[in-house]
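Here come two complexes built around chain A, the first alongside chain B, the second alongside chain C.
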Partner chain A sequence: MLNYYLRLALASMRRTPVLSALMVLALGLGIGAFMTTFTVYYLMSGDPIPHKSDVLFAVQLDNWDPNDDPTESAKDVQPQITYRDGTWLMNAETPASRQAHMYGTGAVLVPEGDEPPFEERIRATWHTFFEMFDVPFLYGQPWSRVEDNDRASIAIIGRELNDRLFDGENSLGRSIRLDDSFFQVVGVIDDWQPVPRFYHADGTSRALADTEQIFIPMNRAIDQEWTPWGNTNCWKANDEDLPPLEGFLQGECVWTQFWAELETPRQVADYKEFLDNYVREQKKIGRFERPLNTFISDVMEWMEVNEIVRNDNRVLVRLSFLFLLVCVLNTVGLLMAKFMGKGGEVALRRAMGASRRAVFQQNLVEVGLIGVLGGLAGIGMAWLGLRAVESLYRGYQHLVHLDPVMLATAIFTATVFAVLAGMYPVWRVSRLAPASLLKTQ
Partner chain B sequence: MLKMSQVSKVYRTELVETHALRELDLHVEEGEFIAVTGPSGSGKTTFLNIAGLLEPPSSGVYLLDGEDVGALNDNRRSRIRNQKVGFIFQSFNLIPDLNLADNVDVPLRYRGWSGTERRRATGDMLDMVGLGSRQNYLPSQLSGGQQQRVAIARALAGKPRFLLADEPTGNLDSEMAASVMKLLKTINDEGTTIVMVTHDPDLARQASRNIHILDGRASDITVSGPPNVTPLEVARA
Partner chain C sequence: MKDIGPIFRALMHNRMGALLIALQIALTLAIVINSAFIIQQRSADIASPTGLDEANTAIFYTNLFEPNVDQRQLYRDDLEAIRAMPGVIAATHTNSTPASGSGWGEDLYTDAEMQSNDAISFGKFMVDEHGLETFNLDLVAGRNFRPDEMRVRDMTSTERPKVMVVSQALADELFPDGDALGKTVFDEPGGKSPIQIIGIYSHMQHAWPGASSINRSALLPEIIMFGGGMEYVVRSEPGQLETVMAQVEEYLSKNRSRIVDTVRSFEESKQRTYSGDIAMVKLLTAVIVVLIGITGLGIVGLAWFSVTQRQKQIGTRRALGATRGDIVRYFMVENGLITTAGLVLGVLGTVALNWFLDTNYETGRIPLWYLPAGMAVMWLLGQAAVLIPARRASNIPPALATRSI
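This part shows the complex of A and B:
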């Protein structure tokens, strides 16, 4: 009977095209608004690296002003660490399987041809970054520890930049010019966009930016005197006896990110103890004047610590849900009008032997179909909404997209809401007394 | 086949109580063609609705094939309606956006027949009413008489025990009305019981027996019925 009911539903919708279109539009608007806000929320709160998120840990060391408020949780501690601490940790023998130190910077890229120079963001890091975060390679491979130590002028570039500079060809061995220096391409990574960009969550929206298209050894970036493009927070003046760069690097400013890969609970405990011991040692030379506060947070905890999903985003989701409910209520009114107009046909079917249940089922299928169409319209509107978000906030290009889960959710939500909205009108029409309506046909 | 004893129907609102039928007794035998006449508001349609199980009587007993159908639940009434009753309405009541075959198919859908059975039955019925070649036409493409023929095909498709016809020729001109009446007579000759409500005394005369309803009460006004018809009993309330 389902096929039959679907056929009848289509015929019924053709009979009242304007009313049907209004219902689809009302549901589509509600679903579209809800899906737009929910998609952004869902993508922000998703696990960016599901297969490893429980073994990757962000490191926080509380080196801040001793006169500041006491630290109660990881949220009270700076999300970044000093260059000095990160460098020491990278060179120490630690219980971690891998560690990665990094910061975001940028330079002017000078293309070979006629294309004018342009600024490009750079991730300065260590060779471990790529294996830790499972970065997929199109050509080449990560550089090695030797090249980190040698401060080599090498670069790994993203697919998008490779397409732009080298027409997508294998560019291994070619050079790119950044400011006045040349860097040899040793790897090209495939499309890689963890959302959110968890490895650089510094309390601002940078965690929602696209991944960088250039990766170079961190030591090399320091030699280039490329300063951080991102939050740099200091509580204490740098040592004026040192040259400015050296003073900055050795000072108490936090501007680098640090990650450790810890595969077992034992490793986690040992690494935490290792960090605590390091801080205790540093206290002896007058650093880390606050009580001992070291934190390691896995990826999902890190998202929470940095409040990647902000409260206003949650409020927006709730508001759009209310809007969806208003649209559903409007649809109830439209469905009432539509189904009450079907009284004659319902009476006829009842006379021909249709039970109330059969009439209920037939009209519920129609409501479900309206829901599915409303869901499809909602997807279209959500797509428009997300394009609007994209145009309002640069850097969200890869963030705002509808993935299959969201598409299925849109259709499912619309169908469920349409069926819920239609329950009462459908029930009413199935209870109509056929005798009184047949004569007025 | 159809036996009503002391059947009454009362419609109640907060302000008024309307007695549409008053203690009506009626016995219809298999194969009869009965015409029910009476002025507007006399209770003819209420009688038809109760006979067709579209609404239950307020009191009294209604036996159909020996089964008391007066107090059945909606599901059971729907099933009996589907299996035993065929309706023909004055305004045809065809579904405008379904083609002729799909219109005839409506009662069969609720019968649970297979697609092959349904196709065969709808084809046969449309052939019988002379519209077999127009199965894919929409009702709006037919004349009134043709539409009523489709309605008759629909009523007969499920091979019901009896047909209830409410002013079947009321919306037709005399030529078409005669043609539809001829078809109903043929159907009756083939054994289908027919109960027809009509205003038209000429049409009523063509039925084997005439029942007149006035103020909810029925009386037999048959002047001369065919000899082979079992006398019906009509009791005055």
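This part shows the complex of A and C:
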């Protein structure tokens, strides 16, 4: 029966090709526009590390200007901490399972041979980073506490850089030159791109940045005098009696990120208390002049605090949903017109013995077919839309792919919308009294 | 006008159809007006002048990686060579450029008692005495720096400049009475790090578009040497930018101790910073165009269908003496009625949507005149769309009335 209805539906669509095309096009455009904006929203607000996002916590300590407005939530506190606080925490006995202190920097990489030197971003961090964030290794393994303490000249590089420098071979033991220093490769990590890049995500553009291709011990980066490439925020001048670099490291400028891994609610509470106690101690020596405002936020909370999803994106999702509604209204209007025009045919079928139910079903199949075609058109449009979005925005390359969930959702939504939209006209047409229509002809 | 009664009654026979179009028009109006408003705002932001000679300025970023190179001397040599190139008007080193999205912000204190929450924030550009000309600024009062006022900031020195040239906006913010020239301000609370204002230029934005302090900028005679990053800005004679950019890049690349990481025209740099706004303008423009297209086509489609449906009645009316004009008018008035209803609903929708977007995403309030303008556009769109099927209807011969299908 479905087969027969489908054939009838196709025949009916062919009878009014322009109208049918218009319906499929409108539905496709609506679905395509909505899917485009929603995909970006969905990926941006996604969980970058689903199996661990509830045990990883970003740390905020409020060392800011006592004259500033009072703190009401984590959003009012600097998203980064000072070098000195982070360094102290890394060396303390804490209730956390692991902690990682880090900052983003960069240098000129000078390859061996003829390839010209190029600039490369570097993540300076501690050995704990890799296990905490489940970084997948291709060769080698994370360095250890010993290398952190020894300020060793070692590096873990990304797969992409390993392909570029060493043709993808196992490069353990080889060296790379950064500025004027050599670093021995102790690990190569596989493709790893959390979206958003939660571990250093103050602001949308940093949250959408590529992961670095070079990781080195943070202590070593400090020895190299590599300055931070992210935001550096200061409220208080550095101590002028110290040499500038030392003054900067010991000062109140915030430019490093700090994470803790806390597996149980108990640990979370203990760690928070530990941080509070640290700040209380520091208050005694005249630091942390504001009220006690330590915050720890798990990954998804941290994405909220940093407002990773742009307002523009939310506006576009809202507008494109209304756009979809217009397209659906448009389709219903056209369906109404079309089905009203089918009065004669329906009357004939009814007179020949088809029940209202059968007429209803038959016409619903036609509507469903338009819905499926609209959904398919929508996927095409969304693909184009995402290409457009990728070319319009910087750093969206990790955000614009059609994932299977979105594809299925598109077809499903389009069909549901079309069937809902078509329900009324189909119902109307199946209610027509056959006799009145047959008579007038 | 006497037609309205019968047309309205005829419409009521297909209430649902009319309601659907009216709703569609209402939603379309709401989306189009709200989108147009956002487009207008963003376009104004993008077009706001930075103060530079935008079309004839380029930015070069290099990174020195060999140690044992005298960086201060390299700066001098580079700038001397660049300034000597044909087509170059002026060049300076800098730490940042306006509307680049990344720069150096600081606070100024007008006296020793001022608290940090009252301090005036501004964007700082560390340049040499050629900065004023390179950035194309009009000095409205005072003087430029002298070469001997330059200070070096690096890993070993904390010496700070003692003079600065500020934008009119910064001068007015610091000294609302208009007597900023010659005054001393402080870079730190408690009367520390005094700097004298020796000059005022009319206008230049700082690095961060969207900030309320955007017009508060200043030039300081300073050179920073933290790491190997070195940035130059070059202003060329009109129309010579491309040649100058190629020349400068070639010159900078000759030195094997560094890499030339970025060569960018100022316009390109600005576009990168505004890419989110530019994207928004393009996406919303596409939304408006497609939406108007769909709604227009929808009206054509529906009217076309209704003409086909009513062939017989139209034929009958024609046979009874209605002119072609009467038939065309019938459809125009019908569409006018539906559109007007839709637009009245649409005004409510527009205001509601604007209220929602403004409350949640701070998009701002739409000026009133957008409403009549949007309504007029939609009304004309409806009339234009219905004209095609209406003319087809007017061509139906009166003889059709006598035939049965």
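Assume the second predicted complex is superposed on the first by the 385 of 441 C-alpha atoms of A that agree within 3 Å, B and C clash if a C-alpha of one lies under 4 Å from a C-alpha of the other, contacts with A are read in each partner's own complex, and residues count from 1 in each chain.
We take it that contacts are C-beta pairs under 8 Å (C-beta built on N, C-alpha and C of every residue); 3 or more make two chains touch, one makes a residue touch a chain.
Note that the structure is a prediction, hence the values are computed from the model and not measured.
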item	value
Which of chain B and chain C A:Arg164 touches, first, second, both or neither	neither
Which of chain B and chain C A:Ala433 touches, first, second, both or neither	first
Which superposed partner A:Gly341 touches (first chain B, second chain C, both, neither)	second
Partner with the higher number of touched chain A residues, chain C or chain B	C
First, second, both or neither for A:Arg151, with chain B first and chain C second	neither
Partner chain(s) touched by A:Lys75 [first = chain B, second = chain C, both, neither]	neither
Partner chain in contact with A:Arg121 - chain B first, chain C second, else both or neither	neither
Interface residues of chain A shared between complexes with chain B and chain C	441
Sites on chain A touched by chain B in the complex	1, 4, 11-12, 14-15, 344-345, 348-358, 433-435, 438-439, 441
Residue ranges of chain B in contact with chain A within the complex	45, 49, 52, 54-55, 74-75, 78-79, 81-83, 87, 89, 91, 93, 95-98, 106-107, 109-111, 154, 158, 166
Interface residues, chain C side, partner chain A - complex	14, 16-17, 20-21, 23-24, 27-28, 30-31, 34-35, 38, 63, 65-67, 115-117, 153-158, 187-188, 192-193, 226-228, 258-259, 261, 272, 275-276, 278-280, 282-284, 286-287, 290-291, 294-295, 297-298, 301-302, 305-306, 308-309, 353, 356-357, 360-363, 404-405
Chain C contact footprint on chain A (complex, rising order)	18-19, 22, 25-26, 29, 33, 65, 67-69, 107-108, 110, 116-119, 179-180, 225-227, 235, 237, 240, 243-245, 247, 310-312, 314-316, 318-320, 322-323, 325-327, 329-330, 332-334, 336-338, 340-341, 388-389, 392-394, 424, 428, 441
